[in-house]
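Order as written gives the chain letters A, B, C and D; numbering starts at 1 within each chain.
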Amino acid sequence: MPLLQARNVSKNFGGVQALKDVSLDLPESAVLGLIGPNGSGKSTLLNIIAGVEKPTSGLVTLDSKRIDNLRTNRVVRYGLAKTHQIPKPFSNMTARENVAVAVLYGRRNIHSPTPALEEADRILSMVRMGSRKDAPADSLTVQEKKRLELARAIATGASILLLDEVFAGLSPEELKDSIQLFKKLHDELRFSALVVEHVMRAVLSLSQKVMVLEEGRVIATGSPDEIVHDEKVIQAYLGSKNPAA
Amino acid sequence: MVAVELIVRDLAFGLMLGCVFSVVAHGLNIIWGVVKVVNIAHGEFIMLGAYGAYFLNLFAGITPLESAPVNAVIGLLVGYAFYYAFLHRELRNKQTITLQSEMVTLAATFGLSLFISNLAIILFTGNPVGVNYNPGTLQFGYLHVPLAALYVAIVSILIIAGTWLFLEKTFIGSTIRAYSQDVTATELVGANPATVASLATALGFAVTMAGGALLTVWVPVGINPLMGALYAPISFVIVVLGGPGKMWGSLVGGLTLGVLIDLVQAFATAQIAYAAAFLILIPVLVFRPGGILK
Amino acid sequence: MNIQKPGLTLYGLFIVMAFLAAAALLFGVAVSSILVFLLIYAALAYSINFITGMIGYVDFGHVLFMAIGSYALATLVSYYGANPLLGVGAGAVLGLVFALGIGLVILRFRGVYFAIATVVLVLAAYNIVLQFPQLGTGGEIIFNLTLQPLTPYFTIWTIVLIEIALTYYVNRSRIGFGIRAIKSEEDAASSVGVSPQRLKLIGYMLGGLFGGAAGGVYSWSTSGVTAGPAFDFTFSLLMLAMIIIGGVGTSIGPLLGAVVVYIPSYFLLTSVAQAQPLIIGLLVIIMALFLPDGIVGLLRRSNERLRLVLE
Amino acid sequence: MQAKPRRLAKRTTAIIVIAIVAIVIVSGGGTYYYINYVAPRPISCTLPSGRDAIKVGFTISLTGTYNVEGSKSLAGIEAAACWINSNGGVTVNGKTYNIVLDYHDDASSSSNISPLYTSIITQDHAQFLLAPYSSGLTGTAAPLAEQNNLVMLSHGGSSDSIWTKGYKNVFGVLSPASTYFNNAINWLKANHLGDKLAFLHSDDSFSTTASVAASRYAVQQGLTVVYNYSYPSMGTQDLSTQLTAAQVAGADDLLGGGHYADGLKIVQQLSSVGWTPKFISLLVAVTEPQFQQQLGGAANLVTGPSQWETTVTYSPASAQTAGIPWYGPTESQFVDYYSKQANAGSPTYHSGEAGAAILVLVNAIHNANSLDTTAVRQAISGMHIMTFFGQFQVDATGKQSAHSMVLVQWQNGELAVVAPAIVTSGTVKYPYTGS
């Protein structure tokens, strides 16, 4: 029985159809990659699953409970957490306070600030940001901000992470470092993850399974190997101005 | 009950009142639409525009219609200075205005509104003054239309049409429109974003102060330092009704408000009419946050 | 904020409050009739701090709650001969109820849209009050209470004390983390499980509650209420000015702001009254553009020890 | 890319410098303008030496909403006090005193009233009080007079509700709001009983009280009221809806108004809706000279109530006719003293009523021959006199009952007092003809 399911999800923005009949299954502890050209509907799908947007039609369920009609903060209670494509740190707080918010309001049942801050320190060390815990969030580098997003998502106690381009905009070394970190975290925490990514290399090395969207439709699903050799996928990427990196 | 006669009259006056409301709100609309900043001191600049018309009438003997262009020139300079004094620090090097910057501009222009209105009380006293301008009335059957109000309505529509043409048809205008869509786009066409933003702000102030002059026709002795406290909220409602940044939105919003105030009065008390005119903002924000115009 | 530190700010505030209580008892009416308005200003500043200071939603229409409180007390005292304390309580409850109803709708609007919605609500309410002859001819109710100046004084003193304690508690508790997250990035806050709608409503309702209570004491101290001044934006603006000058969201800022705004206004009155709003306006401009954290922020930056102590 | 921000910074600096220079110039010029043309300067009234002082304390609105009325009132108080001190002062038990004024600006805000009055009473030790301007502020100040047992004379609070609170130390000098239209209605009753009346008034407290009481009084007097409507005091761009409705309702005469702008707007819009009522009576606006200047012909034959006009002819002789004592300066003496003040303009009824308050107080002190609150209070209660402002007598609640409003009418560019008969300088001209 898969943990997270989306069934026939469609979304219209005004007259534009951003998603058409998209379905996906995310089993426990699995990593599903979601790729596609710009504007193919990846972020929209992620937003619908996270409760940021409501689908025009279709269902999203978590352990057979419907979650597509819930607000984002309720979805978090069910164990889903999403990072932001453009990091949105709480700039009026330090890094550890940022993470402490997630600890306090996630599903961890930690309700007082002092233990929450201690827990935050632990999570920051896990994402290798222990030395930056007292830095004001707006003074962090882009990579650190992306890590902070990840730390906050983990801190909610989520069993499913929705990662929106956490590997974008990093230098090759940083990318390598991040991929390694992700693998380590995944081994430790056994979460399942839906990874939306432009950086093909990251997706292919992380995911057990990859789904390809084009113009709001699923054009291919399969293992990373199969996807790389899929005709339709190659066409979709060559046809767009931004081929895989 | 001579209901039809009453309603036709209310409609005519409501439309003319709506026109002057529109032009008063139009300056706010330009700045809000392009620079994405709401000037809380907007009402105070309407007030200064009205006093401008008053003093020009007093010392130079010219009518509010003639003082509108003079005011507009002053408004250009004031708006330019306003941009650099209040907005530039928050807007430079930014793609979109952040919520924090929005709060800063709200608070700073709020301080400005306190400052200007109280300075005006000291300099002009709270004594209301007015401009005497009465070119007569036009009669259509039972409908008497004051010419002053009619002229002002026409000039108001011309001003709004003028700004629309300026933004649509000129190079500077299209640069300003580009800025309102995407700040980086202005750099692509080789313009300095700050220059573009300051131009738009100056244009907004010019329209605001000219509108203040036109408004004097409707408030024969209502020019006083605190008049901004009424016309600023009216302008806010109009811009939200029409949709910030939509040039014809000001006219749609203004006419809606003018007709609403005058027509509701025909059926209910004037207090309810005003309450309705202000409260209409809430459902519009809930159901059509982009304004009633498509 | 360093929450392991003991609450020096709190002790400091309690000393100030104890001093204010002692001043009224020792120096009597002459001093307490001045200080009662300082406390009313402070109560209003703390009340708007709950929504504008902590959550960052600029409320230009907070005077609405003050007016609600004023009318609640004036109506009860003038027409039903009720004890003014009951009036203050009714003002607080009504403020809370109105904040709940209004908040459910307008807290959905963000940034400037919220600010504008609060403005139009005040204007609408003003017009609606004049529809009810029960609220006085032209919205004017004057009543005659045998004034025992110390009763309203200690009523508002208690209200401010509760507000300080609550502000301090909220800032340091779980809720404070959520509120600061909303103030910074509302969407990001909800993506880690914070419910912005609920926390904003709590803040707004606290604002309504204490705004209503302070409004009640205000009309108690001025023996009446008149629609024009009651809905005048002046008080809204002063409240905002106080927290902007003092330092938004902090426990000590509103009191500091109230002192800066009210005390000079009282002494300036006897010499150059015109100067006061001008100076406040200039201060607000300068604070907003250059010192976004107000006086508290300035003090914190100037001295490392103060940075740790001031909250 | 490096050059750009620096260029901007330079320009910003230049603009800031220009702005600072502009602010300095504007504020310097503004201060000069303010001091010379706006700020009222009180009389330099030399106090005769060798006398003790009777301190009269009050707050007055020199800034804020009521600054105009407040300034006019203060100038009237100064003029009356100066006349008293220059004409023998106040004699109590053979000892002569000067009247010394102890006043503070309350900025038209009720939050300033109780601190200021408390300090006037407890620190300055004022012996008598005047109320602030306006009913709302008077309502706030009155309990303080009661608490400290000091006599307080109200000169700017016309709301009837002040006198329903059981204050024993608070007395009104001016006619209450509810009597403003009595002259107009009495005249209509006597001359045009068949006229149908329309009331259109601003919804502030004063205008509502005046108009509601007037429409009730009109019905009592057998007149017909066919239209009665209030409009918001804050937005008076357009009253044509209401004027048309009143015309449609068949009204002959129009009464009401509110503040100055309201009166002007009503008359202006009458012509634009094409209605010419036969008789118009409007609050506040009509007595202002600007009213006629602004409206020209349309102002002709518009009437309005007034507490007092410089043209009313109360004199020692009319006091004798009425059989009551006279006290204080004559009309012309008062205007003369008033005009010695720079930037005070010409006296309005606010000046008259405020000046009269001081005269009433001093007369009561003379009568009581004492500075004791109880004695003076009793003297005021039993007093019936005439001053340049008209008669003074209060009822049991302290409300003014003898002072009569006057009805004024613009007649060919002159403001004529047309009722009541005792002070008239002309007769009511009827009907109104429009411009």
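Definition applied: contacts are C-beta pairs under 8 Å (C-beta built on N, C-alpha and C of every residue); 3 or more make two chains touch, one makes a residue touch a chain.
Note that the structure is predicted; figures quoted are calculated from it, not measured.
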Please give the intersection of the contact partners of subunit B with those of subunit C. D
Selected interface, A-C versus B-D, where C-beta contact pairs are more numerous: B-D
If you average the CA atoms of subunit B and of subunit D, how many Å lie between those two points? 35
Distance from the mean Cα position of subunit D to that of subunit A, given in whole angstrom: 72
What is the distance in Å between the mean C-alpha positions of subunit A and subunit B? 46
Report, in whole Å, the distance between the mean C-alpha point of subunit A and the mean C-alpha point of subunit C. 42
Among the residues of subunit B, which ones contact at least 2 other chains? 119, 121-122, 269, 271, 274
Multi-chain touching residues of subunit D, meaning two or more other chains, are 63, 65, 203, 230, 232, 234
Touching two or more other chains, which residues of subunit C qualify? 123, 127, 130, 274
Report the topology of the inter-chain touch graph, choosing from line, ring, star, complete and other. other
Let me know each pair of chains that touch one another. A-C, B-C, B-D, C-D
Complex interface listing, subunit C residues touching subunit A: 3-4, 172-174, 176-178, 180-181, 183-185, 187-197
In their shared complex, at which residues does subunit B touch subunit C? 38, 40, 86, 89, 99, 102-104, 106-108, 110-116, 118-119, 121-122, 229, 232-233, 236-237, 240, 269, 271-272, 274-276, 278-279, 281-282, 285-286, 289
Subunit C residues touching subunit B - in the complex, by the definition given at the top: 56, 58, 60, 105-106, 108-113, 115-117, 119-121, 123-125, 127-128, 130-131, 233, 237, 240-241, 244, 274, 277-278, 280-289, 292
Complex contact set, residues of subunit D against subunit B: 4-5, 8, 11-12, 15-16, 18-19, 22, 30, 33-34, 38, 63-68, 203, 229-232, 234-238, 240-242, 244-245, 248, 259-261, 264-265, 268, 271-274, 290, 293-294
In the complex formed with subunit D, which residues of subunit B make contact? 1-2, 5-6, 9-10, 13-14, 17, 81, 84-85, 88, 92-93, 119, 121-123, 125-128, 130, 132, 134, 137, 139, 142, 144-146, 149, 192, 194, 218-222, 226, 230, 261-262, 265-266, 269-271, 274
